[in-house]
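Both of the next two complexes hold subunit A, though its partner changes from subunit B to subunit C.
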Partner chain A sequence: MRDRLIFTGQFLFTLLVAAFLVVPTALSITAGVTTNYFRGIQSGLTLQWVAQVWDLYADTIGLSFLIAFATLAVTLLAGVPAAYALHVRGGQLSRLVEEIITLPIAIPGLALALALLLTYGGFGAFRRSWLFILAGHVVFTMPFMVRSVMAIFASVDIKTLDEGAASLGASPWRRFRDVIVPNAVPGILAGSLMVVTLSLGEFNLTWMLHTPLTKTLPIGLADSYASMRLEVASAYTLIFFIMIIPLLVAMQMFAERELTR
Partner chain B sequence: MSGPQGHGVSVRIGHCGKTFADGTHALEPASLDIARGETLVLLGPSGCGKTTMLRIIAGLEEPDEGGKVLFDGKDVTAIPIERRNVGMVFQSYALFPNMSVAENIGYGLRIRGIPATERAKRVAELVALTNITGLEHRRIDQLSGGQRQRVALARAVAIRPGILLLDEPLTALDAALRYRLRGELNRLLRALGITAIYVTHDQSEAMELGDRIVVMRKGAIAQIGSPREIYFEPKDRFVAEFIGAANIVEASLDDGHLILPGGRQAIAGGTSQPAVVAMIRPESIGIVDVEAAPLRGQVESVSFVGDRQRVVVVGASPKPLTVDAPNTIQVDAGDRVGLSIASKAVRLLPPEA
Partner chain C sequence: MVLRLEEQGHHHLLSHRSFVGLCLLPLAAVTVAFFLLPMARLLVTGAEGPQGLAGYVSILAEPRYRATLINTVLLAAATTVVTLVVATIAGIFLQRHRFPGRAVLIAMLTFPLAFPGVVVGFMIILLAGRQGLIGDISSLLAGERLVFAYSIYGLFLGYLYFSIPRVILTIMAAVQKLDPGLEEAARSLGAGPWAVQRDVVLPALAPAFVASGAIVFATAMGAFGTAFTLATNIDVLPMLIYTEFTLAANFATSAALSVGLGLITWVILALARSFSGSAVAAAG
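Showing the complex of A and B:
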């Protein structure tokens, strides 16, 4: 009886906390498809706000995806070999390099952006192009890629596999292609999802680095919050949700598959 | 490459030492010659430098300045492992989880650009040789420990290496399997006649497999010799105690006899010395009638272990003596017994440094 009471209490509390988080989300989403939010849902449902957002901000969405996948490409091309080198080499120096790569997680995005602006702000063409935002995103997401790949390297003892392949005559490049990458796939996938998700949602850094012509999705979102009617901003949120939720679910599924292996 | 004395290369290691980045001396500069077709065992406790030595020969570690590794007289010190044509079996096997058994065995051949049909033929040969027929298409995580060991061995010899390097290949297995595979491995090494270097901390493995054994201790070579030499003529107390069981006796020597609490024990070629250290193997001590024996003691304990019984005798020597007696004789704790030891079974060891 007492156990039952405790369970019911905990259950209700959990529901309450969940509601606290979910209700605003649901409200925001409904606001995006309501004709007039101040008159409530009885004013009718509409997709006109979504369409309006698409008209106004489609280019920010496009740019966000361009930057997210470019960030992914760079973190893959630089991050996976870097993780391999750091893992195989080991020692003090590798740990130091790893720490430096990880640093951007701890430093506020604004500070990172300021440093980038101070250093490269003078290069006008670079400063004005989307590549400037790409650079910021790469700095910010690289640790997530390197870390998740290094974690998988440690769990499959990639150093010995590498030595095994070397003893059979494989050059460093063949080892990387035939043995290292195929056995690091789960870590590479997890890292990739993380990088894409983080890049799509990144605001702090991007807000400092963007120009009126290089707005990403979250910047557009802030823009619409500040200057548009509430329904438009909410419709924008809805679009963002639709894009980001599948990525988060995929990430979660990978994490679970890794745990059950 | 096959010659009258077997396959593969001869190896010369000249003044190879290894100091790690943190200043640890893993290996004192050592020199060693390994003949073509010979099986050499590097034996010692963990941390003795045996694996470091193997990794230097493999090309996975670089020796300190001045060290040289020669294969068939050719300096390979600067050549990385992938161009040394060595076959290596790792303690953890290092099988590729992303490839099937057959793909693992054929990987080295694929690297060498051997055409698929020829590769398949060679893989089939090795699968038969190592008794893993039927497992070709399995994934690595579907294999037992013993099967993995065989795949690792097949993969290493598939490339017809000049030298086969084995780093504690049986350590990860349970005792019964280890014993069985040891025999198989021995037959395989003899059949291939390949130059092989085998690292282990297990002295019975070393005895069975080695043409010669290199006993190592604290990064240095303690003794090199055939299994018989190492067992019967250990150079020092460490080797005597590491290989098999040994009674170490500290006593004075008078006219060719050890002066012991339980009597006098003749030794071969003895003189007179105030203090000596001698080694007597447990199986070279016989239990005899107490009246006639020159050396006497009292039985402290008897443990019956099946093929023999291990008897501990006190009072004969300063420390209790362990005796391996036949399983047929009747002795009990408390009995007074005589001990008979052939004079040449007593080996003097150099005094402790």
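Showing the complex of A and C:
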């Protein structure tokens, strides 16, 4: 009897917490397709707000994808070889390098953005282009790629594989391409998902680094929250959810596979 | 074998050592250009105000800055405590029981994980804003519209919103690793359910509390998007830095405040890591 009561209490509590997280999301999705949110859903369903968002903000969505995939490309090109090098070298210096590149996770985006502005604010062409935002996103997401790949290297005993291939006469580059990278694929995929998701949703850095001509999706969202009617802001949020949820589901599946391994 | 290896080494244009060095080069270039150099610049700028190096002291000495700092620390601490309590109750429950709909419930509790701060702010507006659900309910029940989204209470609710999903997963993983034998032993020795929780389960979860608590605290200290969406006049450190930089063009003070904020979050996370022995990271 008492166990039953405890179970019910905990269940209701957990349900309440879930409602706190889910109800506003549901409200936002309905508001985005409701003709008049103030009058409620009986005012009718419509896609006019979604269409309006598309007219006003389509370019922010495009730029967000451009920056997310450019960030992914840079973190792959710089992060994967670095993860390999840090793993095989080991020792104090490698740990120090890892520590330094992980710092941007521990430092608020605002501080990083300020640092970038103070350093490169005077380089007009660079400051005005989307590459400036790219630089911030790369620094912020790099540790996720490097760590995710290093975690895989730690679990598959890459050193033995590498030495084996070396003893068969494979050059360092061929070993990297044919042995190291294929073995790191799960880590590379998990890191890539993380990098793209973080870049698409990044606001703290981007708000400081953007210009009126380089607005990303989260910048547009903040803009619509401040100046548009609730239905338009909700429709915009709905579009963001549709973009980000497949990525989240994929990440969750990865995490579950890691847990069951 | 050894001989062959050495022989091969001579044939390659690139030795293994220099290849490994080359692998680090792109990362080193990116990190120096877009992280280390800018951070050095930030440190120098903090000391370039009219007060010089004393500018760093003023972020603690000046009453207005100190009040904001205390406010931010209190808010982050409250967020940490409440998040840990809520996530522990729900996390233990979800890990210990199997029932229909459990997977859906877990998905509901973890999906806001990747919501940016601005979106979380909007969620709070929908809950507690001028057209919000809480206002609707309270005006129906009490005849008065309860609106608190645009205050520090709204910000607190927003921080709970993005902290709970992060912590629940950590707690669930920690509960999974607990040894059920210990609880059984305590029970067979006559301990009641509360005593088992208090004396066996909660102490065993301490490392998870420290690790995830540090992430919540550091994230709440530095989060900017949620506060920005809710109101620009909420008195927390990130908003102060933002207004000092953009509205007052007070570069030295905003740089000094950023350095101070970065130092606090970094120290908290480093302490938690050395204490719990596992990797700790905060984002958001």
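Heads up, the rule we're going with is that the second predicted complex is superposed on the first by the 261 of 261 C-alpha atoms of A that agree within 3 Å, B and C clash if a C-alpha of one lies under 4 Å from a C-alpha of the other, contacts with A are read in each partner's own complex, and residues count from 1 in each chain.
Assume a residue touches a chain if its C-beta (ideal position, glycine included) is under 8 Å from a C-beta of that chain, and two chains touch if they have at least 3 such contacts.
Just so it is clear, the structure is predicted and the values come from calculations on it, not from any experiment.
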Touching partner for A:A135 - first (subunit B), second (subunit C), both, neither: second
Per-residue contact with subunit A, leading partner among subunit C and subunit B: C
Partner chain in contact with A:D157 - subunit B first, subunit C second, else both or neither: first
Touched partner set for A:L86, first subunit B, second subunit C, both or neither: second
Which superposed partner A:N204 touches (first subunit B, second subunit C, both, neither): second
Touching partner for A:A166 - first (subunit B), second (subunit C), both, neither: both
Where subunit A meets both subunit C and subunit B, residue numbers: 166-167, 169, 171
Touch list for subunit C against partner subunit A, complex: 1, 4-5, 8, 11-12, 14-16, 19-24, 26-31, 33-39, 41-42, 45, 86, 89-90, 92-94, 97, 99, 105, 107-119, 121-127, 131, 133, 160-161, 164-165, 169, 173, 193, 218, 221-225, 228-229, 238, 241-242, 245, 251, 254-255, 258-259, 261-262, 265-266, 269-270, 279, 281-284
Residue numbers on subunit A that touch subunit B, as the complex places them: 91-92, 156-157, 160-161, 163-171, 174, 178-179, 182-183
Touching residues (chain side subunit A, partner subunit C) in the complex: 2-3, 6-7, 10-11, 13-15, 17-18, 20-25, 27-28, 31, 37-38, 74, 77-79, 81-82, 84-86, 88-89, 97, 100-112, 114-116, 118-120, 135-136, 138-139, 142-143, 146-147, 166-167, 169, 171-173, 176, 197-198, 201-204, 207-208, 218, 221-222, 225-226, 230, 233-234, 237, 240, 244-245, 247-248, 251-252, 255, 259
Subunit B - residues contacting subunit A, complex: 21, 58, 60, 80-83, 85-88, 90, 92-98, 107-108, 111-112, 155-156, 159, 165
